[in-house]
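Listed below are the structures to be examined.
Next come two complexes, and both contain chain A; in the first it sits with chain B, in the second with chain C.
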Partner chain A sequence: MTTLTKQQRDPAGRATRSRAGKTGSGGRKSITHRMGDLKIAMVFIFPAMLGFVFFFLIPTIRGVYLSFTEYSILGDPTWIGLKNYTTIFSDELFWNAMAVTVQYVGLNIGFQTVIALGLALLMHRVAKSTFIRGALLLPFLVANVIVALLWFWMLDYQLGIVNEVISWLGLPRIAFFGSEQWAIPTIAFVNVWRHMGYTALLIFAGLQSIPSHVYEVASLDGASPTRTFWSITMPLLRPVMVLVLVVTVIGSFQVFDTVAVTTGGGPINASRVIQMYIYQKAFTESDFGYASALSVILFVILALVAFVQMKFLKGNESDLD
Partner chain B sequence: MKKSLGVAAAAAVIALSLSACGGSAPASTEAKGEINYWLWDANQLPAYQQCADDFTKANPDIKVKITQRGWDDYWTTLTNGFVSGTAPDVFTDHLAKYPEFASKKQLLSLDDAVKNDNVKLDIYNKGLSDLWVGQDGKRYGLPKDWDTIAMFYNKKLVADAGYTEEQLKGLDWNPKDGGSYEKAIAHLTVDKNGKRGDEAGFDKNNVAVYGLGLENSGSGDGQTQWSFLSATMGWTHTDKNPWGTKFNFDDPKFQETIAWWAGLADKGYMPKLETTVGASVSDNFGAGKAAINTGGSWMIGQYTSYKGVETGIAPTPKGPDGKRASMFNGLADSIWAGTKNPAASVKWVEYLASTACQDVVAGKAVVFPAITTSSDKAADAFKAKGVDVSAFTTQVKDGTTFLFPIADKAAKVAGIMKPAMDAVLSGKKPASSLTEANDQVNALFK
Partner chain C sequence: MTTSTASRQDATSTRTVINKPRKPFNWRRAGAWTLVVIALIVTISPFLWMLRTALSSNHSLAANAGNLLPADFSWGAFKRVLGLQTPEEAIAEGGSGAAINFWWYLRSSIIVSTVVTVGQVFFSSMAAYAFSRLRWPGREKVFALFLATMMVPPIFTALPNFLMIKNLGLLNTYAGIILPFLFMTPFAIFFLRQFFLSMSREVEEAAMLDGASKFRIYFKIVLPNAAAPLATLALLTFIGTWNEYFWPLLVGQDESVRVLTVGLGVFKSQSPQGAPDWSGLMAATLIAALPVLLLFIAFGKKVVNSIGFSGIK
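Now for the complex of A and B:
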């Protein structure tokens, strides 16, 4: 959420900045002008603000408070200071969950972004029919849990159609969700399948915003398609790619539903991603204080990841300027 | 800016007051109104709907609304309901769960009701009603049914292997070589080329039919997976039951049992753990992928319903002590402490625990009701459907049952034991690694 608002705010900020630069001494006037807009702005922001306060801010603050307590949901929380956090540091399952999550994010984002970029290019250049473009989005229109269950059954070891085909080809069956090596890659693949169309659509929108004259100049200069891609498309696509990466990486870190309806964290701890671990602590073991502390740590990590991505990939600047 | 701060402050105040007013209306003392009742087993829903209809006929002022939820959702929804005040008035309760609810004061004690309404506790099968007396000496449930463990077998596969059903009912087991139990399992296993598990040239990596099906590692209780074996070694889960505070997963007797059991997967007689994620163990049985499955009596309906598969039921094998063993588990109906209608709830629970309702349940042949006479009726009802359930009842008759381990912190124990057992069963760790898990479990009670 924060990154989205930042994205939206920035162009406006830049516009004012450049206007201020052009008018020179008019800088102060524009500040008072902006202050004059504040009242009316508050009116427009208020409804969203209300939702933000009730559904994000207050629960977040309460979550942070609970992370310093021992709280079993039935009964009152008791303040225990930093104990949850010190326990987390020596909690092997937490570190395992982080490693598993990072592995998932790497596989998920890596494949998803590359495939989505390819699809977006195809949509941009080749597949102009709305039907085909729409079809790419279909997996995203199916609910997460349904997608997970669908693949869960198709990839079942004994009765799944995929393993029937594999064994028909004379290859050994694969325990997609059951083996430690395959569980995370399989879950990552299922989510790539679901999200690639949507991600492609976002990138496709970015591609459309690249002015065609840049391409014309490139072709006049005799640049090869590969060269055009790396020297024009990619640099000009960067702000959109950064936004897409920030949003998908955050979403990817929060993977839960697919794991919850398929492996449930197993085999052993091979797919116990951080959200699954938080859920297990809170709702299975009724340890809400500890789960809150885990959530706070995840929150901090995600904020850092978003910050680093924005900072180093310069997501708020465009080479078009 | 000041104004907006004021608005924010007002909003915060509203939020605080909203969260503070979770109070409930005063409880009614009259036995009337609508009460909510939850259960998780869809197979039992028709039976209990019948009970509810009969109950309302006898008590026109009370309506019972039944909600069925799958096992996994059941407990989280219930816990959330306790907090948000939307939990059902009466619900089906499990031995693994009620100690925690009782210690968090979420259950209504039934002692007064039992005393005032003169509920007889000796009509239930022996031991069942005592299971529901908490650590504080108060009663939190009235027994509704019980279950034991037996072996479901595919009659055709057994006949093909040259085993008679009588042989299957008289197996014995020991952790050294598995006894005639392992011999049968090995012989019932068939690979892709038609070679049996005990024949030369058996390909353990290409098995078509497993001798023994596998559900999962059984976590810390092993109810249907291994507890019927470990108990014949004289092993118990905890130092005492109910309310044990020291677990015995470090006992060599237990680890020996598990090592033998995990070895079956290694020999190719039982599916590997990794292959069990997905289709249920009973569906694999129904698809003819396993010859024998160990399971609980609540699965009788499921196992006998597969088309094209004739299912027989044999009792669990005799162990080194010369006796069989089966975990004995019982469900009960409990009342939520936050009910707005305790009087009607008590009445409904008493009705559920009476012969009137349990005979109805018996007639549907889905489970064994807690009342002794109703249990016999259920056995007859099963027989009328062509199912011989003596493999389950014999354990009770011969007194070879032992109680489901009742202890506090069951969820946390499972949180440690499930991955630990998974690791052993999948061959990632030796059975001796359970000693470390046991230390972690016992540390919970310090």
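Now for the complex of A and C:
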């Protein structure tokens, strides 16, 4: 717009502009051109920038800073260097929390991914209606808290329907949330139930992107469905599966709501996952420095997990080319 | 249900036409459908159990634990949750008798979710417009920085954000619960930018030649054309905010601003001597889930179809 008006006013401008372009030195005109819609863009971006700086950028930096301090909300943070980190290294509760979290992630992601892949294949080949997809998505749309309470009731030791069925089958009742050995598998199962439809839909979107002619060729060659699955579907689906794994594993590491509502981390330490531990350090023990150091470690672990998965499963390369 | 039956019949009939001689394949198909039905039962039946429990009388649950129908049918649980029972009636039916401000929690949830949804979608759309349709130096770098924060786990920023809200004196206020999510999330900007990039430039350029300002173009051309993705994003944002537990737990514990998710957690621990008020709890969760269920019934297709887009691309 600006350039146009100026050229009309000053026909010699065109020559100046092309010369400026050759030498690469920006005259007044090319500066306005380079700045483009800067002013107006600043207005459009201002509210989002406000939110970004105050609630994402500054807290991220401040979180790292706090991890090197001792801070109990009262008073000011005192710089203590790496002390939080060295303490964490020999903190048994931290290692316990890590072990519990990894166990949870393994169970949760293992079952969830296999079931979701199966559901996605069913959605793709057999059950094509949006209604079925919608129904399977339903648990994901309901709050974690509600899902947790619902299963807390259904898995109740005395009155829960699941234990009713178990005892009807002549088996001993199970204290799902109340026993150390069952707490994490139970929480993992509850979240498999909540997320399987959603994960299936993510994979389903990937399946849809595989061109149908590949399948037609395979079927002309007389490939069996099993063969087709392993030799065509899986290799072509790999980039999508890697992305789905990255997203779900990262989410799974941050499990909190279900634990907070059902077991609160117990019995004893059996289900105190890492985010629960951070929460308790910060808000029960008022140890914000230590809690910040723990969240830095969680952050690093998540970044590593994403990096390793992308790197070794070659998530950014497609076999389709 | 109708849809599923119809498509099943449809699928079987096409099958028989094309592959009549291949019997094993039909058997395979029946197996596949069995799995689909099992998946649907596993997904839906807990919700039915929720309803069944909510319609039961709490005292009768123990004696009828295995009964599939409501035990001693009663609306009592719903009345109790909504405060329509006197404490004496509530205790008689197995409630705690303590008043829970369910209406008040519901009000808080509606206020928080509505304000966050309107603010976040509007401000994010403005930013997405600047990141896609306006040209300015550093645009891609700033956008990359915005996107990078998507990697930061929420707990990481939650602690410093809590301190900031506390220092601002906004603990236990709606402002404190709303502010961090009011202006943007990287996801919302990313989601809308993708759409704006794919919009045709022609109309915009014509308007520009007519001398329309960028603001006019944004409000009169870009926003109306983006109604569909804006609605989808608003839906996802509303559901996400309605379901949020961690942040309101940190800054909104106080009764006066307590949202439903936090309220439900408290309701659980409010059990009378002995058995918890299961029917009351299930009635409460059912009502808390209702807005999301209704939105989903009304706009389910939009949500379902947005999943692939938002999750992968």
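We take it that the second predicted complex is superposed on the first by the 267 of 321 C-alpha atoms of A that agree within 3 Å, B and C clash if a C-alpha of one lies under 4 Å from a C-alpha of the other, contacts with A are read in each partner's own complex, and residues count from 1 in each chain.
In the analysis below, contacts are C-beta pairs under 8 Å (C-beta built on N, C-alpha and C of every residue); 3 or more make two chains touch, one makes a residue touch a chain.
As the structure is a computational prediction, the values presented were derived from the model and not from experiment.
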(request) Classify the contacts of A:Arg133 with the two partner chains as first (chain B alone), second (chain C alone), both, or neither. (result) second
(request) Check whether chain B or chain C contacts more residues of chain A in the superposed model. (result) C
(message) Contacts for A:Phe52 in the overlay, against chain B (first) and chain C (second): which applies, first, second, both or neither?
(response) second
(message) Per the contact definition in the header, classify A:Glu164: touching chain B only (first), chain C only (second), both, or neither.
(response) second
(request) May I ask you to decide whether A:Gly178 touches chain B, chain C, both, or neither, giving the answer as first, second, both or neither? (result) first
(request) Kindly classify A:Gly118 by the partners it touches after superposition: chain B alone (first), chain C alone (second), both, or neither? (result) second
(message) Quick one: is A:Asn269 in contact with chain B, with chain C, with both, or with neither? Answer first, second, both or neither.
(response) first
(request) Considering only touches as defined above, state whether A:Phe299 meets chain B (first), chain C (second), both or neither. (result) second
(message) Which partner chains sit in contact with A:Phe312 here, chain B, chain C, both or neither? Use first/second/both/neither.
(response) neither
(request) Tell me which partner A:Gly75 touches in the superposition: chain B (first), chain C (second), both or neither. (result) first
(request) Find the residues of chain A that appear in the contact set with chain B and again in the contact set with chain C. (result) 38, 42, 50, 54, 58, 73, 152-153, 156, 158-160, 283
(request) Enumerate the contact residues on chain C facing chain A in the complex. (result) 1, 3-4, 6-7, 11, 28-29, 32-33, 35-36, 39-40, 42-44, 46-47, 49-50, 53, 61-62, 65-66, 123-124, 126-127, 129-131, 134-137, 139, 142, 145-146, 149, 151-157, 159-164, 166, 179-180, 182-184, 186, 189, 208, 214-215, 218, 239, 242-243, 245-246, 249-250, 261, 264-265, 268, 275, 278, 281-282, 285, 288-289, 292-293, 296, 300-301, 303-305, 307-309, 311-312
(request) Could you pull out which chain A residues touch chain B in their complex? (result) 38, 42, 46, 50, 53-54, 58, 72-75, 152-153, 155-160, 172-173, 175, 177-180, 262-263, 266-269, 280, 283-287
(request) Would you mind writing out the residues of chain A in touch with chain C in their complex? (result) 1, 34-38, 40-42, 44-45, 47-52, 54-60, 62-63, 66, 73, 118-119, 122, 125-139, 141-146, 149-154, 156, 158-161, 164-165, 168, 193, 197-198, 201-202, 204-206, 208, 225, 240, 243-244, 247, 250, 253-254, 256-257, 260-261, 275, 278-279, 282-283, 288, 291-292, 295-296, 298-299, 302-303, 306
(message) Under the definition above, what is the set of chain B residues touching chain A in their complex?
(response) 1, 4, 7-8, 11-12, 15, 76, 79-80, 82-83, 100, 104-106, 205, 271-279, 283-284, 287, 289, 411-412, 414-415, 418-419, 422-423, 426, 428
